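Here the chain labels run A, B and C in written order, and each chain numbers its own residues starting at 1.
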Amino acid sequence: MAKFLDPEAYRAQSADWQLLPFRFERINGRVLVTNLVGEHLFLDAEEFGQLSKGDLPADSPLVRRLRAKHVIRESGDDLPVELLAIKARTRYRRLSEFTALHILVASLRCEHSCPYCQVSRQSSDKGAYDMSSETAAIALDSVFRSPSQNIKIEFQGGEPLLNFELIEEVVATARQRNETEGKNLGFVIATNLALLDDRVIEFCRANNVYISTSLDGPADLHNKNRPRPGRNSWELATAGIQRVREELGVDRVSALMTTTRSSLGRVIEIIDVYVEQGLTSVFLRPLSPYGFAIKTKSFAAYDVDAWLPFFEEGLDYIIELNRAGIPMVEQYSAIVLKKMLTNDDPGYVDLTSPAGIGIGAIVYNYDGDVYASDEGRMLAEMGDKTFRLGNLHQDSYEEIMLSDALLGPLEESFTQSAPMCSDCAFEPYCGADPTYHHATTGDFLGRKPTSGFCRRNMAIFKLLLDRYESDAFTRSLFQTWASH
Amino acid sequence: MIALRGKATEVELSAPIARRVWKLVDAATLTPQRHSRAFLAGDDGQAPDGFDLYLSRSAASRPDQDATWLRLPEDLDYLSGGDVVSVSDDGERIRVLWRHQSHQNSILLTERCNHYCLMCSQPPKTREDDELLAQAFELLRLLPRDVAEIGFTGGEPTLYGQELIDLLRLCRNLHPEAQVHVLSNGTRFADPDFAAAWASIENPNMMVGIPIYGAEPARHDYVVQSKGAFNQTIPGILNLAQLGQRIEIRVALHKQTAPALPEIAEFIARNLPFVDQVALMGLEMIGLARANIPELWIDPTEYADELIEAVTLLDRSRIHTMIYNHQLCLIPRSIWPWTVRSISDWKNEYHAECASCNVKDDCGGFFFSAKYKVSENIRAIPIEGTQEPAVLQI
Amino acid sequence: MTGHVSFDGSTASIDAVQRAAYRLSDRISCDIAAGEGSIEVTVHPAEPDADVEALIGELRNEVLDQVLRERIRGETADVRNLVLAVAFSKTGLVESDG
């Protein structure tokens, strides 16, 4: 029988370690290290000292961790390069599959009068504010020009159900056209559910349409945010949610919240409402910088600081709900965790670099104007047309997608080359938001040290990593969220 | 423990034995075919004419036919029609190649290997043993069309190169619906041409089981005692994946690998997310494992946390994961759903504690070889609610 | 209340000092000038009653980290380009030679 050799015979022969690309941030006395594709590990100060000074031995537990996570390699070892390349390729796969989300503004009209909403019109003049069949037809041409195999058409507004005939027409035409196009085609109606009736339900059933709605929390909060004649927005929304759950299926409706200053301090009540409604996912959205804030130019980083405890309390409460056997996902965390824990792309247009404008999502307004994002449309309503890419009736698909209005912000906001972002350990988890930065600072890139977007996201990344490292149940819960 | 080989207690050669591999036929399975078949006579010695080889059980009467005849040793008395054996030239040595009643037949292709794993249950030999390959070809031709599962093992089967490809192609052609599982260290697939040859077999029911013992070279190479092994096995896996081939990753759990199990699971989930399944294997204390007990033995209860962490991570990453060869009383209850009752029935034994255990039917029991080393923590699991079990309740 | 700090030009580059100043620019704004083998920084806190010395301490630490980042970038630039070249060579997003 041949002799067995000791472990020493199989370790690296010398401490000839080469660094692979990595970035670091100091957090509470430890050092977070992320590799080229966002895999992370925490080192203590002493370990980081060894790594940064090139003072690593030929073998040690630290050396093995760093090799396993592709932070260092043995000189001449090609395998880490190949694995990093495969992982990087997976992360950037979506770039060639552009524009998965197409938003059609079926009507600007709405019977609510929410104070933060910039886009709606109180009107019964269908001709003035409804999308026409002609416009919709050209929009569908644009939709099917997208290389993405997965296409989602989302009807928005105002209140899109006020132009329900158009929705019926678009869905029918798209489905028929898809028989030759062969895409994975999905439809969503973003509605306040006040106008949900048998006809809409039947239509959604027949065409596998999903419903996205708003639920800001308890009735007083929701109704204060969303005034309508009758003051019963919450009652209609919750009744609508139950109706969709029971008549179409529990997974056919999802809800988003709008967070206002009145929401702060009430996150547990808000989440409890979601639990009562049988919803299993909640999106703890940040305070919006658009709307009044931009008009008054009062949005500042302090708003982020006011909001962060809201998010932290909400996240911790959701973790406890799960521990008690009540399923609930925090959507933003799930999106971030997918970027942290996998090589997959959640396809969330507001947290990606290159930015999601135009290439992640695109908006066709009721009048044929094309916008790079929904926030871009909102800015236009307030007089700033920076993100208007063209008009369906005047410009070709190529002219729209290759316009300076789109390519300029994409290039300028690219985080991999941006000051501070390019050095940031969290960059693989983060994204560019040219609309936000343009609205708050006047340029697409912004100044990250003073950017509310940066401040908020950095705090969220640190929070998620802290919870991930702290507790096996949370780790397993986050892994589940990351894999959906 | 079921014997798979034995010596004939009586041999009468009427002529040189015509072939090595024989399919057994008995009264219950008699058909007009004679080619490649040997008749296993009943206790009364009754046998039809026309066979080139006759066998009798240890206490049976000898049949009248004037052809080559063997008497089986007592521990091969279990053989029956449908089983396949190989017989040596002199008729004395019998090796069981296929038991038709078993769901876990494994075809040994070679005992040669280019690794030398610390825990190897089939210690490598250097002797050329192509006759095993030749017998495998014959065996495939004798198996019924509808055989459900065929396993190929070694040593290292890919040492045969193109001949292995030929064998597997024959297997696919003769048994297109069979689930085929081949064990290999995967290093040869680092050669793109060999990976392409493998893919050209085009068997969607074929999977290769490849072990990984570390998330980086030092640990893996040490366990398989081959410098550079990790840097060939992983590229081999990548080549197969690029060609759409089905891959199982196997991780043997012992003192050298169990502490790194979460790291290995993370490495698999992040770098090899395409694999079809992961098998976490309990140790079999035979072969080289017995020589290395100090380096290998660890009570499974000591790596319960690592096991939970790894299984959870792989499961959440949507990689089908299975735990083999662990007694249920040594594994946290929360991960029992991932265990598979798996010890090959020919290796199966139970402990005295097991007599009163409520979950014995779901548990794989022990390897026969466990008598060399067994956990102190084996405990019968009582029926729920009757008493506090003294085992892991995680 | 402004402060002043000097960095040794042989151990810190102007780029590293600029990057460090940029990172802290929510709390300080800096005038950065090259001196005789040194880099001279005048520090203006954003808040008038801020502790300038503490901020200068942060700036010093951040410069050290930026120097380290510069070294890491330099040492890993080639392998980073190699990884990305391999990653995109088969996607059709980049024309490959072979």
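Remarks
Here, a residue touches a chain if its C-beta (ideal position, glycine included) is under 8 Å from a C-beta of that chain, and two chains touch if they have at least 3 such contacts.
Note that the structure is a prediction, hence the values are computed from the model and not measured.
The set of chains in contact with chain A as well as chain C is empty. Relative to chain C, the chain whose mean Cα position lies farthest away is B. For the pair chain A and chain C, the distance between C-alpha centroids works out to 30 Å. For the pair chain A and chain B, the distance between C-alpha centroids works out to 48 Å.
Here the spacing of chain B and chain C, counted between their Cα centres, is 58 Å.
Among all residues of chain A, those that touch two or more other chains are 82, 86.
Counting partner chains per residue, chain B shows two or more touched chains at no residue at all.
With touch defined as above, chain C holds no residue shared between interfaces to two or more other chains. Those residues of chain A whose C-beta lies close enough to touch chain B in the complex are 1-2, 4-7, 9-12, 39, 59, 64-65, 67-68, 74, 77, 79, 82-83, 86-87, 342-343, 472, 475-476, 479-480, 482-483. Those residues of chain C that touch chain A in the complex are listed here as 19, 22-26, 65-66, 68-69, 72, 75-76, 79-80, 82-84, 86-88, 90-93.
Chain contact summary for the complex, chain B toward chain A: residues 116, 118, 123, 214-219, 221-222, 225, 227, 230-231, 234-235, 238, 263, 266-267, 269-271, 273, 288, 291-292, 295, 305, 308-309, 312-313, 316-318.
Chain A makes touch with chain C in their complex at residues 18-24, 26, 36, 52, 81-82, 84-86, 88-89, 92-93, 95-96, 301, 419-420, 423, 447, 449-450.
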